[in-house]
Amino acid sequence: MQKYLKLGKRLFPICRSITGDGVRTTLKILKEFIPKLKIYEVKSGTKVFDWEVPPEWNIKDAYVKDCNGNKIIDFKRNNLHLVSYSISINKKLTKKELFNHIHTHKIPNAIPYLTSYYKKYWGFCITKKKKKIFDKKYKNTDQFEVKINSSLNKKGSLTYGELTIPGKSKKEILISTYICHPSMANNELSGPLVSTALARYFSSNKVYSKTLRFIFIPETIGAITYINRNLKKLKKNVIAGYNISCIGDERQYSYIPTKYGDTLSDKAAIKAFKDLKLKFYTYSFLTRGSDERQFNSPGIDLPIASLMRTKYGIYPEYHTSLDNFDLVTRKGLKGGFDLVKKVINILMKNFIPYNLILCEPKIMKRRLHKNLKTRNIIELSRNSYNIRIKYMNFLQYADGTNDLTDISNYIKLPFDETYKVFQILKKKKLIKI
Amino acid sequence: MQKYLKLGKRLFPICRSITGDGVRTTLKILKEFIPKLKIYEVKSGTKVFDWEVPPEWNIKDAYVKDCNGNKIIDFKRNNLHLVSYSISINKKLTKKELFNHIHTHKIPNAIPYLTSYYKKYWGFCITKKKKKIFDKKYKNTDQFEVKINSSLNKKGSLTYGELTIPGKSKKEILISTYICHPSMANNELSGPLVSTALARYFSSNKVYSKTLRFIFIPETIGAITYINRNLKKLKKNVIAGYNISCIGDERQYSYIPTKYGDTLSDKAAIKAFKDLKLKFYTYSFLTRGSDERQFNSPGIDLPIASLMRTKYGIYPEYHTSLDNFDLVTRKGLKGGFDLVKKVINILMKNFIPYNLILCEPKIMKRRLHKNLKTRNIIELSRNSYNIRIKYMNFLQYADGTNDLTDISNYIKLPFDETYKVFQILKKKKLIKI
Amino acid sequence: MQKYLKLGKRLFPICRSITGDGVRTTLKILKEFIPKLKIYEVKSGTKVFDWEVPPEWNIKDAYVKDCNGNKIIDFKRNNLHLVSYSISINKKLTKKELFNHIHTHKIPNAIPYLTSYYKKYWGFCITKKKKKIFDKKYKNTDQFEVKINSSLNKKGSLTYGELTIPGKSKKEILISTYICHPSMANNELSGPLVSTALARYFSSNKVYSKTLRFIFIPETIGAITYINRNLKKLKKNVIAGYNISCIGDERQYSYIPTKYGDTLSDKAAIKAFKDLKLKFYTYSFLTRGSDERQFNSPGIDLPIASLMRTKYGIYPEYHTSLDNFDLVTRKGLKGGFDLVKKVINILMKNFIPYNLILCEPKIMKRRLHKNLKTRNIIELSRNSYNIRIKYMNFLQYADGTNDLTDISNYIKLPFDETYKVFQILKKKKLIKI
């Protein structure tokens, strides 16, 4: 994952928002890694269900100068300094007027991340420490020059990326992640980084059993826009899927189930956590906060769960300048990647098998264990029982009511072992799918 | 509830039984409080399923005089002194003969309440204490004059009362209580008193969403008679209902679920207990003992549960002269009233909502929280999340598979808060019913 | 059960295998006890699903002589000394060559039970102790005469027995047990012994409500053969059934449920264990090891569970010469017999009753308790409540969704008491089936 950590650090300084060149640049860089990534533009003003695509926001510069001409806040140092979607301004203000537009975080040395997408507003974010210094340093009568050079273009567009990796079946697994957060590492570059790594991993020559789709979208409005444009197809094809977010730190693993917690997405995710022997915390669906909100909505009803390491809102650095590459590590990203890879692999290998032979098959005539070496035929028979039993257990539950995740639960084998049994039984024509 | 306590004390001395003037007078007095109460008479001898309406019993006087002409037992002092449905008698008896017809209770100073509706019999009930005194006082050879002036009229009738409070829908909530017990306060004047209070409360000008029906019936034979005359209508319309009994004391709350415990009546009752933060004991359906026996029978299959304070048979004063207005209090009745009112209100406000908008709605454009005052737009956005989340949670589960009690369970809000969310979402046209 | 213990001791020395005269003789002896037992022969080579009936194996003699002409291993002393289905041999061997074909058990004084039905092989089984002695006594250069006089007849047959006890209905209870194990008492003469006792018990003049079928078959290949020949009929008629095995010792009772544990067989078995107040251990279906493997297979789908005392594979004497009539006792067999008898009786008495009367019936007019003697009519009424309540409880659940095992669970009565209530209600025409 070293490569993706490096990619993360390259993407980090870009000022992303829900629209604008930050998203566009980010997607262009991701396309270097995933050449088949398609980039879409949806015009500002487009109606998408209850919403409309907002004007495109771009930012050239933003700063505050004190009466001595010193830039005391400078967007170019850290794009979190500016409230995202801040409107243009060029004004002299008193200290009090300025302070009304200055936001801090309870952690003294953290710059908060704030946005005002749908209410026209401007504002700056600085550390509590710095605000205290300013407060002491400047008199109430001091004047400040506030300059924000931004644009809100009603003829602009919202940008998102999509990668389809076609499988043998049109039934698909949907991986959704978001690319609208500026200069934060876990929330949210980790999701796009892990997704990019997965996209490359599953873009081999191998054709998988199901289609795999990745979407790199702005959160909320991007998800709503994407669903609006693809609803019929999604409802027809998506059999499971996940929102990928905050998946690059080294702390606990976290899971938010689908609305009722009873879908294939839930079965596969829980199986993966267990088979990987990962401790994980299951949050209530009521604590959801990302695009699973849209996917699970009535009428959309897509079985999208959320795979995370420490959940958004839970870790102290969340939505501040401290969410950086001290928090997100190669090891952290690797853990996230391995988890989602495992989940996808389970889904790719998941089938409903049907037993083809009545009663138990005469297993010894099928040489399931050709490499078995034992002292003699009697020992062979003793040992082979332990080998045979897993095939026999599998066959018992291959009655058309269970898929491989169910069978692995019934016969108490990890999914991969269950899958190996499945493969051998299929090859030996004892089952079909 | 002071008014209803006073009403209770007025009704207390009347000698009620399953038929006769005691019931008739009682219903006439209730009609003063509920002018729309309809009073029905069903002729003795009418076949009702496996039963027939019994002859009408009335009682003028009953006493036992000793050899000195002293009335040593006098029905006029306490109508529990007479076994209900005692036949007429006018005889001289020896002490032994008399004692064969005298019944006591294990509590020394309690007169038991006994009946013999379907076997011709006569008898007196006195306290154990008094019996002991008599035993000492009188010799075995003493003679007693026993006089019971009662009538069993085969051309009489069984009387019951019914109040229908029509709602917007013909779907109805059925409240059943019984008016066949003489001179006892909890079992059973508390049920009729609480029901009368509820009948008045819900007889406002307001038209509720569902019809509310109260029946004031003699227990068992009255329920069977009522069901026999109304079965088709009941099966068509009743969506929930309760037997109300022993609901005026200050002790614990009690609940008997419907036969399988899985009906709307059960959901609403349990929600009410929880939202009111009342401790309550759930009895097994096997311990039932009132008219839920008839309503839940196969072929009737009405979802009638029982709401009580201390359950019949459980409190020591049960079915004795000690079940009086020391046990039943204004506070006790008020608690019972509040519980059933809550349950009915939950049912009246219970709907299946359907989300009208795909994906989450753009909630900020709908001004759900106009009174919210905060320092600035950013704070507003932070606070509004906590307000918005309950609307969003509601909408997620408004998928047509859940009613409001289900949704309140899913989103972990009390019913009334869930209902408020429902009302606002409905007003804002985000859901329909 | 003394008679069946004696029968067991008579059958013990016979050298049974999956085919051959051992099985035939065994069934002939069982037929003395069950004259209506039908004995079937299925030709070697017959295709049965994935298998074919093997050649018939018979054994005349088998021994090993040392260089001095002493028979140091002699099949005639204990037929476990020979690996079942050993092919003929008549050879001089070195000690090393001989030892390659000699098998022992971890218990020093136990002769193991081994078979090689489907791989051509010969071998002897002795105690570890004896092998040690031989090892010391004989030099590596010593020669041994090995003689096995067996036959594998491709024109032979597989033998099994079947007893049908016709009931009022063709719906049937299937009891399966196996007669292919030589000279072991618990596994497996106990199953055939208990089954024989049950066959006689249920072969009275009485016609039971359901058909009862016993099959005495060689394990695995016998079950497969039997199912192959009777599948359509079995699938049509079998409503419950059990594999009976290892049911003659005095240790714990054991149970293996059907594949999903949710069939009538499971309900009846668990009810029997509980009503008999027997402690029992429920094993996972994954630990199955007898003919329930075939019966539960997909496409066969017969609800066959297993009733045992100590499960095969669990007790130390399992599959050795120590599994003898020290382990299996009259008391042990009696316990097994009583359990299965109880289970069958529950199934025979199990019906779905339908309430015939709307609301509660007027029970007093039906004299359900004619023998009740009490001081007077009032006491009668008090006592009769406790008697009436079980009838009333039964009627509540007699709504067509429950059979008698369900009702006995709901109303918390043992099955037999529930059945008595059922009988009286049926006689009084309050229910029908």
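So that you can tell them apart, the chains are marked A, B and C in the order they are listed, and the count of residues begins at 1 in each.
Note that in this section a residue touches a chain if its C-beta (ideal position, glycine included) is under 8 Å from a C-beta of that chain, and two chains touch if they have at least 3 such contacts.
Every value quoted in this text rests on a predicted model; they were computed, and no experiment measured them.
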Angle (degrees, nearest 5) of the CA superposition of subunit B onto subunit C: 120
Same vs different contact residues, subunit A with subunit C, by half of numbers used: different
Centroid spacing, where centroids are CA-atom means, of subunit A and subunit C in whole angstrom: 56
In subunit B, residues with contacts to at least two other chains: none
Touching residues on subunit C, where the partner in the complex is subunit A: 48-51, 83, 100-101, 103, 114, 116, 118-119, 121, 123, 220, 223-224, 227-228, 231, 259, 285-286, 293-294, 296-301
Interface residues, subunit C side, partner subunit B - complex: 354-355, 357-362, 364-365, 376-378, 381, 389, 392-393, 395-400, 411-412
